[in-house]
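Here the chain labels run A, B, C and D in written order, and each chain numbers its own residues starting at 1.
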Amino acid sequence: MTQALLAMAQDGTLPELPETLRAAPSGEIAAALLISALLMAIGVVGFLSRRNMIIMFLCTELMFQGAALAMVAFSRHHMDVSGQVFVIFILTVAAAEAALALGLVVLLHRRRETLSAEAWGELGE
Amino acid sequence: MMGMESMGPRLGLLAPEMVLFAGAVLVSVIGLSRSAGMRRSVPLWCIVALVAAAFVSVETWTQERASAAQLLFPSMGSFVKPMLALVGVLLVLPGIGAIDRGVEGAIASGRQAFDALRVMRGEHYAFALFSIAGAMLLCGASDLIWLFLALELVSLPTYIMVALGRGSRKAQEAAVKYFFLGALSTALFLYGFALIYGSTGTLQIAGIRDAFAAQAAGPGIDMTGLAGLCLAILGLCFKITAVPMHFYAPDVYEGAAVHVSAFLAFVPKVAGFVALAVLLGTAGWTGHALIAADGVRVAYTGLPEPVAAVLWMSAVLTMTLGNVGALMQRSIKRTLAYSSVSHSGYMMIGLIVGAPAGINALFFYLLCYGIMTTASFAALAALERSGEEVDSFDDIAGLRVRHPAVAWMLAISAVSLVGIPPMVGFFGKLALFMAAFESGQVALVAIAVVNSAVSAWYYLRLAIVPLVAPPSARSATVVSAPSRWPAICAVVCGVGSVIVPLAASRLLQASERASEGYGAGSAVAGDESGPKGSGGLYTSRLTRP
Amino acid sequence: MTLAQSIPTATVSESMSWVGLALLFPLVSAVLCALMAAFRFRGKGPALVTAIALGASFAVILRAYMTYSGTPVVIPIFDWIDFSWSGGGTFKSFAANMSLYVDRLTLFWMLFVTGLGTLITVYASEYMESDRGAGYCRFFFGISIFLASMTALVMSDNLLMLYLGWEGVGLASYLLIGYYYTRPSAVAAAKKAFIVNRIGDLGLALGTFLIWSNYGTVQYDTLFAALSSGGWSGADWDKSLIPYLLMLGAFGKSAQIPLYVWLPDAMEGPTPVSALIHAATMVTAGVYHIARMYPLFELHPDALATVAWIGGGTALLAATIGMAQYDMKRVFAYSTISQLGYMFLGLGVGSTFAAAYHTFTHAFFKALLFLTAGAVMHGFGGQLDIRKLSGLLKVPGFRIVGWMMLVGCLWLSALPYSAAFFSKDEIILAAFINGDRAIPALGWIALGTAALTAYYTFRVWFRVWLGPVRYEPDPVEMAHMAAAHGADHGHGDHGHDAASHGAHGHSASHGTGHGHGDSHDFHPHAPRLAINGVLVILGIGAVLAGLPNYLVMAGRESENWVQWMLAGSSAYQGAGVPGGDHSHTILGMDAHRAMLLLGGCATFGGIAVAAWLHLFSRASADRLRSALLANPLTRWIPLGAERKWLVDEFYHWVLRLPLWIGGQIMSFADRHVLDGALVNGFGKLPLALGRLFRPLYGGPLQGYAVTMAGGVALVLAWVVWMWTRGAH
Amino acid sequence: MPSPADIGVISYAPIALLFVMAAVFAAVNIVASALFGPRVESVVKGTAYESGMDPFGSARKRFNVRFYVMAMTFLVFDVEIIFLYPWAVSFAQLEPRSDESLMFLARIGFFVGTSVIAYIYAWRKGVFRWD
């Protein structure tokens, strides 16, 4: 599938962007990159500071989206559509991880009646 | 472009993965059968799929196909795929009899009706196959998307395997830690990929290599690219349990079922190292040259200094912290986890040395490590104490009296892990250290040798406690696991650690194919794989301050 | 022309690869024994399989001997290690392939190793039968592993494979000494053998490494070629170290001063093991190794003299200890050490022929002695104390055993015109007159030792076989066995627990109520066909071992067969029999004639003293002992000899105690410094770092995450900083 | 020719207007009912509405695991749809019945096939059974 999409992108079989939208001012790119970095940073901080595992998971999603946004921004910057193709796959994987996280959280909640990450500290030195 | 034309050879190279994929589908369906006999045959089909994949990977690999696929390491799969499949066969065995033990027992005794939602054997083995297939896919990665997806295909199944491998709370805690920290690391290398893309303007591995070469020929790789490489490396360090991403390993290995720990110690590690080799290959090691897209011959001057330094520090810290951590563990699984960390440290030497010698030695070491570590985990899986896994040194004290074979296999694997001749571990280390020595990494070799000596302390304890120590009250109640297969696996691996060295020369030669075709002259001069041809698009506009 | 130059260049022969079967057969039988153990096989299958495999191995060697053309042959089996690289401007290689090096020396050694191995396996099939089951499989597995390793050791064409075999025989020896692993003494003995041997192995490993680093090869043919082109130069300390390191390895394996202490304790193993491994074959590996590396030893001016002195000293020391032991097997163990000392003496004074010949004759008569001792032990409830056995020749069924032991004892005492006399004679003769290498002082020591040998050997025989009939089983053994039959019966295969040498089978055949150490009720258990047959064959073998010399004496051959077997090998001393020209004299007599007289005197003198003290007037032996004890000036003689000159205690206080104290200190440091500060410190590092950010997170999961993210942040900051400084 | 920025703002204006109207509509409704609605408290009125039945049990009770399983299945299949969009858009531009278009069809067929396998697996696993 990757190959197919990339092939389409590079063969030019994917629709071209409208001429007017192709060149983006570097200021906008920089802003997008800044936001992606912020998303990443907020995700990390949230991941470290929140106890609720669902929130923690949402924070990892935030990080993923930060990376995805950076992909899109760079894709625009280089006028290369493959970065955006990557984003589709990032979303898919994020969904798969979400399904996994959901299952895991349900399992844990049944065991402990809490979603706090603090509750899981048996293993260790 | 690389669409239609290169799809054919590439599909041919993907045959083993397809076999595994089909095997996974088959196994997951058989695992849901109402017949207990069918369900019991799941590991068998799993092994059949793996053996078939090994066979197919050897049979379908040809030089022409490999070079037509335009990979950075065209021949890597020729060694790594059979290795994964064959060690995978060994990794299947320790889980037999352990997965679904309670449920199957209840069904057999009639206390419970068959419920497809409650049996997990099919899933477990299907996930194992998916994970191995993911690691194989990495060998054929031609762009970052592929790399990312394959890495996730390796990881996601292992998260579930940890959670479901055994019903205890420890396993669930291990799953929590593994999953969340794994997601964090995924996010990190994903961001690293984004930055690399930003720096080079392409997701194609070959294109990235050309772009980096062009940058290196000019002012040097720009900061975006460097930061991206470092982030990606650090994110991947999670997969290979390297500093600073190794902290989860002891907890997860301890908490997970022992056969899952064995799996974690090998498959994700191979995946991580393959991915790291590919990533570092884009920046290039000393001594290789390539023809850049504009026809200029560019000689690599070695990894960019910050990247090399990060790898160097990480390797040293990984082997040292791993060994120091293992010294005083009371849990065997934690000891093995730390040992796994330290072995990653040794193997990182191979990454620093680079293609060809370092990468070859690295993959040979992975094979040796897979055999040795599977032996020790399988030996643990062959025992149990009042239905629980055996995990403390007390449990295995004087094991020779009641379980001589397992005790000897544990001892053999431990001695092999130290790297004492003539065991397989010695040859792994020999090849690795020799490669490092040749390339001038004397300090690194010295540190690794000192580390090996330190590691002898705890490995020999693993050998001496079962063989020499008097049996303890705890070890007297240790019994064999219900299935014989873990013990058989331990014996096969243990005997393998003694016998495989007999074929050391041949295996080394086989591993020497791994990095064949990398570097000199192999580049993609003037062909279409550089997405936008030559030009200013390669250089990022995020220039240095 | 140096010795190395006289060795013919080896030819590579693929067509002779069938010789590799000699290595394969024992391996196959080891695998089969392991399988039988896995399938809980309870019959005599393991013994049968092992005997067939070893017999086949012997046949292969025999055929190789028949078809041997006269020049050394290298037979590649498969490539094992073949590295080559260029470093430091030179091309280096490290090749150690699985190849066999077949010359006469190899064949000579293999003939008696596989031949005796087969015989002793047949003997053991009866001896070990009470242990049928897992123990039986384990025993023959060990024997097979031993034979495979010994074959690798002797037939390898390089030092690495030799080292592999060296370690393999050590492992097999360890396994078999500790065969009765429920007995603490057996476990301790196995450990002792293992550890002492490791010291020797370290020497061998270092020596091998130095050979490689100096001569660039570990393969015999290339090594000899390298030796013949370039001599030894005294300036190279590492080259001059090589023979000493190899010597250390040989002394460890062949139980010489200072590493002999493990061998007497090794008698804890089953008697066939003592006979095969610890008397006839494995302990001669050191002799073989020095013979094989003889060109290297010759290069160093003092190396061979050192070997001679160590060998002579060991011969004397072990003989004095053997005089005062009461355990039959122990006496024979010390006699083995003593005879090995003779072999090293022979090597050291430059007569490899004499050493090899003595190895050959010794293998027969010592195996015979051990097997007869084993038959006694088998029949009399594990009793080995010569004070508690007497007049056994009159016990029905033991006649053959007794006469065969007499043959062994006479041979060990070097009865004139027996095979052992010829071989020992050559050694002593060489010590007196062998040109530059002769050390006459050692000749006198060896001669004295020969008298001592005759004394302690016949001390055993007279005590045990003649005199009034008296015997009792060993109470410890019997109690052990009774316990195994009572309380522990349900526990595993009882063959393991009953450390029962035949007493077990005996008691089983006589119903319960037996085997409680009750000597009145005790019935000896006479050996059957397998044991008696093997004893007779060995006896004949011991007699025939003299044949090579008889043929020379009768003028039918121009040289001794053993000497011929050394021709063209690294151990060949071109001069032939020392003093063959009759130009040398000892005490004014012709050397050979003097040796016959002196040696005869020593032998018969020793036997006479033994007869007086232990046959005709046993009370006077006790009187002599108490007289010696009463006099404070002589007290140390019997006490010291009985307590083995306190060497074990010496090692304990000088080596083990400091090591133990050091270990305690290390352990303390380990617990409180390493464990306390370092390990726990590192272990807690992530949590401690995490605690810094305590307000930020909750739980260990995030503690790890903080460390991980912190590490990444640090690295990134550092990379950016490096980049701004211009590194990329 | 209008600048890209102009196009962006102008073309998204109706959507913004839609958002504003939606927000205002909701706010106005809530405020109006709070201001003008009659307020009669009673026990019956305070209970939860359960389609005319008397409510029982706690609102915080556990949900059946089937909900989660279903949710996860939905999530995964839902996301797979996004691969169909780029495919559909590019497929429309291919020449009908050409080799290339057949190849495209085969590729998406393979993709859908894997989804079908997953679906069959979920079905065999009993995810869709509600008992």
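One rule holds for everything that comes next: a residue touches a chain if its C-beta (ideal position, glycine included) is under 8 Å from a C-beta of that chain, and two chains touch if they have at least 3 such contacts.
Since this is a predicted model, take the numbers as computed values, not measurements.
Visitor: For the pairs B-D and B-C, output the one whose chains share more C-beta pairs in contact.
Guide: B-C is joined by more C-beta pairs in contact.
Visitor: Indicate the whole-number Å distance between the mean C-alpha point of subunit C and the mean C-alpha point of subunit D.
Guide: Each chain's C-alpha centroid was found; their separation is 81 Å.
Visitor: Quick one: subunit B and subunit D, Cα centre-to-centre, how many Å?
Guide: Whole-Å distance between the two chain centres: 39.
Visitor: Quick one: subunit B and subunit C, Cα centre-to-centre, how many Å?
Guide: From the centre of subunit B to the centre of subunit C is 44 Å.
Visitor: So what's the Cα centroid distance for subunit A and subunit B, whole Å?
Guide: Centres of subunit A and subunit B (C-alpha means) sit 25 Å apart.
Visitor: Residues of subunit C that contact two or more other chains, please.
Guide: Residue numbers touching two or more other chains: 680, 683, 700-701, 705, 709.
Visitor: Quick check on subunit D: which residues sit in contact with 2+ other chains?
Guide: none
Visitor: Residues of subunit A that touch two or more other chains: which are they?
Guide: In subunit A, residues 8, 44, 47, 56, 85, 96, 117, 120-121, 123-125 touch at least two other chains, as defined above.
Visitor: Mind giving me all the chain pairs that touch?
Guide: A-B, A-C, A-D, B-C, B-D
Visitor: Over in the complex, which subunit C residues touch subunit B? Could you list them?
Guide: 38, 78-83, 85, 87, 98, 164, 167, 181-182, 191, 492, 670, 674-675, 678-680, 682-683, 686, 700-701, 704-705, 707-712, 715-716, 718-720, 722-724, 727-728
Visitor: Could you list, by residue number, the parts of subunit D that touch subunit B in their complex?
Guide: Contacts found on subunit D: 69, 100, 103, 117, 120-121, 124-127.
Visitor: Taking the touch rule as given, give the residues of subunit A at its contact with subunit C in the complex, in rising order.
Guide: Checking each residue of subunit A against subunit C gives 44-45, 47-49, 51, 56, 116-121, 123-125.
Visitor: Which of the residues in subunit A come into contact with subunit B in the complex?
Guide: Listed in rising order, the residues are 2-3, 6-8, 10-11, 26, 33, 36, 40, 43-44, 47, 53, 56-57, 60, 63-64, 66-68, 70-71, 73-75, 77-80, 82-83, 85-86, 89-90, 93, 96-97, 100-101, 104, 107-108, 111, 117, 120-125.
Visitor: Could you pull out which subunit A residues touch subunit D in their complex?
Guide: Contact set of subunit A toward subunit D: 1, 4-5, 8, 13-15, 20-21, 23-24, 85, 88, 91-92, 95-96, 98-99, 102-103, 106.
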